[in-house]
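Next come two complexes, and both contain chain A; in the first it sits with chain B, in the second with chain C.
Moving on to the complex of A and B:
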């Protein structure tokens, strides 16, 4: 059970943060292209889901899985999107993503007067706290699971 | 627990079969007096609520019928524009039915092709080697399951999130496709499926799956 990587996007599609732990395959395109492709895919999935849904949705798109990985998604009402790729053994971790937003992003970025919002995050404190938070997760194991 | 619909998509991403098994319609009919406290706007050729929520009417709901007569896109059955009609105080009190708009065939075609592309991007952005495309997509109101065959045909099933046994159902639909569509000499590959036996067998296997039965050999 492991976490592969984590993306944080803002409402305009700018990738605010990206970190990876156990990624075995790169996408074959540059990092900027990959962020844009990931954001575009998520935007399209959200619009797809809102049209396809037979009933009115409250939380919307939650996660998807393929034969090798699972992508978990959490979006705040302000448009900040937290996306985490894990392996298949991980159950629903929407509350983990919510915690990343409320205890890390809001505390160390939004409340920091020197951090300009809407740009890639430069805060060392945020990075180190995020690292230790992810490594402390029960489903994270440094060896490829 | 229900299975909402089944879609079959060919190699090129075009929709070749679609069946709606159970479509829950959340609708609300209310009588309004002038002035209307909901704000409507035109979206995708339909009059849609853009602001204002009350009594089961939500943002995004479309106007389905006025005074019991079904509307025609953004026009009433007589041909007048709905928004203009509702601005006129002499037309009140009026009874309007709001609800989630049903998907037109064109929209279903576009959504199936959109999913075909998203399936491929899911595989490209994979952090692991050898990943397939999106096999299961989860939301709070439905779960979408997709099975891609070795020949590139995708069978997509939309079901209630708690419904079990969809993997077996997808394999069963593949079996029904190969028996009643592929073995039909009048059916051309990658074309829309218009085979009666395929429809009948698909409906009965959906009933079996909803009752949470298993598919025995030869069923």
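Moving on to the complex of A and C:
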């Protein structure tokens, strides 16, 4: 099992953070384009899912998977979106994504008055904490993939 | 997978007098820096707003509250969870308008004004206006535009402090420009 990459978007679709671990194949487009494509897809799938839902929805869109990877999605009521791609063996990651939001993003970015919101995150502290958090996950394994 | 999920859930305690006095010093300085009360009110609201847009993230991270389904639920969460968490008081929610888009928060006590008496030359100062800004900023981040003002204030001789909140509209999320 492994983690491929992670995106954090804000409510306006700005990609605040991106990092990758075991990503063997790149998209072949610029990172900026990739972020836009990802956000656009999430935006559409979210509205699709809520329109098609036969029942009143609470959590909405959670994840999708293809034959090769699984995309995990977590969104806060403020519109912060955490997206993590893993391989297929990884179970539901809602808790993990919520923890990235509550113990890393809120603690090191939101509570730091010198960190501007709505821009790409520059915080070294956040990056290193996130790095060690992901590496410590039970399903993170550098060799798999 | 709920490792480490029990982050310091109990909030750190802070001396309430220090808090009250710090807020007092802030307002006093603003009164010195700006000529009239209206301008001070505006600055307090602006500061509050800047606090609110960040505080809401902390609130969501610490409470397990999800998206509210209607304005009544929002009112309850503000009064029973948010005020409790950050100010240690639980205002009551009353005076709903018939349309359900407007209500009042009644504060029996307001920790910001513990030692305060308004001098005569500051009759239009809304001393606790920071709170309006905080609420406005926080609600805006969860897609609600709300008009907030002090309707009654113990500092002006009223029996209670009343914050009136009026729902204006839901802020729709849009795709960023340049996308399909």
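Quick note on the criterion: the second predicted complex is superposed on the first by the 144 of 145 C-alpha atoms of A that agree within 3 Å, B and C clash if a C-alpha of one lies under 4 Å from a C-alpha of the other, contacts with A are read in each partner's own complex, and residues count from 1 in each chain.
Assume contacts are C-beta pairs under 8 Å (C-beta built on N, C-alpha and C of every residue); 3 or more make two chains touch, one makes a residue touch a chain.
Computed from a predicted model, the values in this text were never measured in an experiment.
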>> I'd like to know which partner A:120 touches here: chain B for first, chain C for second, both or neither.
In response: neither
> Any idea whether chain B or chain C touches more of chain A?
Replying inline: B
> Does chain B (first) or chain C (second) touch A:43, or do both, or does neither?
Replying inline: second
>> Once chain A of both complexes is superposed, is A:87 in touch with chain B (first), chain C (second), both, or neither?
In response: first
> Of the partners chain B and chain C, which touch A:58 in the superposed model: first, second, both, neither?
Replying inline: both
>> On the A-aligned overlay, A:30 touches which partner chain: chain B = first, chain C = second, or both, or neither?
In response: neither
>> Quick one: is A:128 in contact with chain B, with chain C, with both, or with neither? Answer first, second, both or neither.
In response: neither
>> According to the stated criteria, A:111 is in contact with first (chain B), second (chain C), both, or neither; which is it?
In response: second
> Given the touch rule stated above, what does A:78 touch, chain B (first), chain C (second), both, or neither?
Replying inline: second
>> Going by the contact definition given at the top, which residues of chain A touch chain B in one complex and chain C in the other?
In response: 58-59
> Considering the complex alone, what residue numbers of chain A touch chain B?
Replying inline: 4-5, 20, 22-25, 27-28, 34, 37-38, 41, 44-45, 48-69, 71, 85, 87
> Which residues of chain B touch chain A in their complex?
Replying inline: 4, 23-24, 26, 58, 60, 100, 103, 107, 111, 114-115, 117-118, 121-142, 144, 158
>> Which residues of chain A touch chain C once you look at their complex with the stated criterion?
In response: 11-14, 36, 39-40, 43, 58-59, 76-80, 91-93, 95-96, 99, 101-103, 105-107, 110-111, 113, 117, 138
>> Per the contact definition, I'd like the list of chain C residues that touch chain A in the complex.
In response: 1-5, 7, 53-54, 56-58, 60-62, 66-67, 141-143, 173, 175-176, 178-180
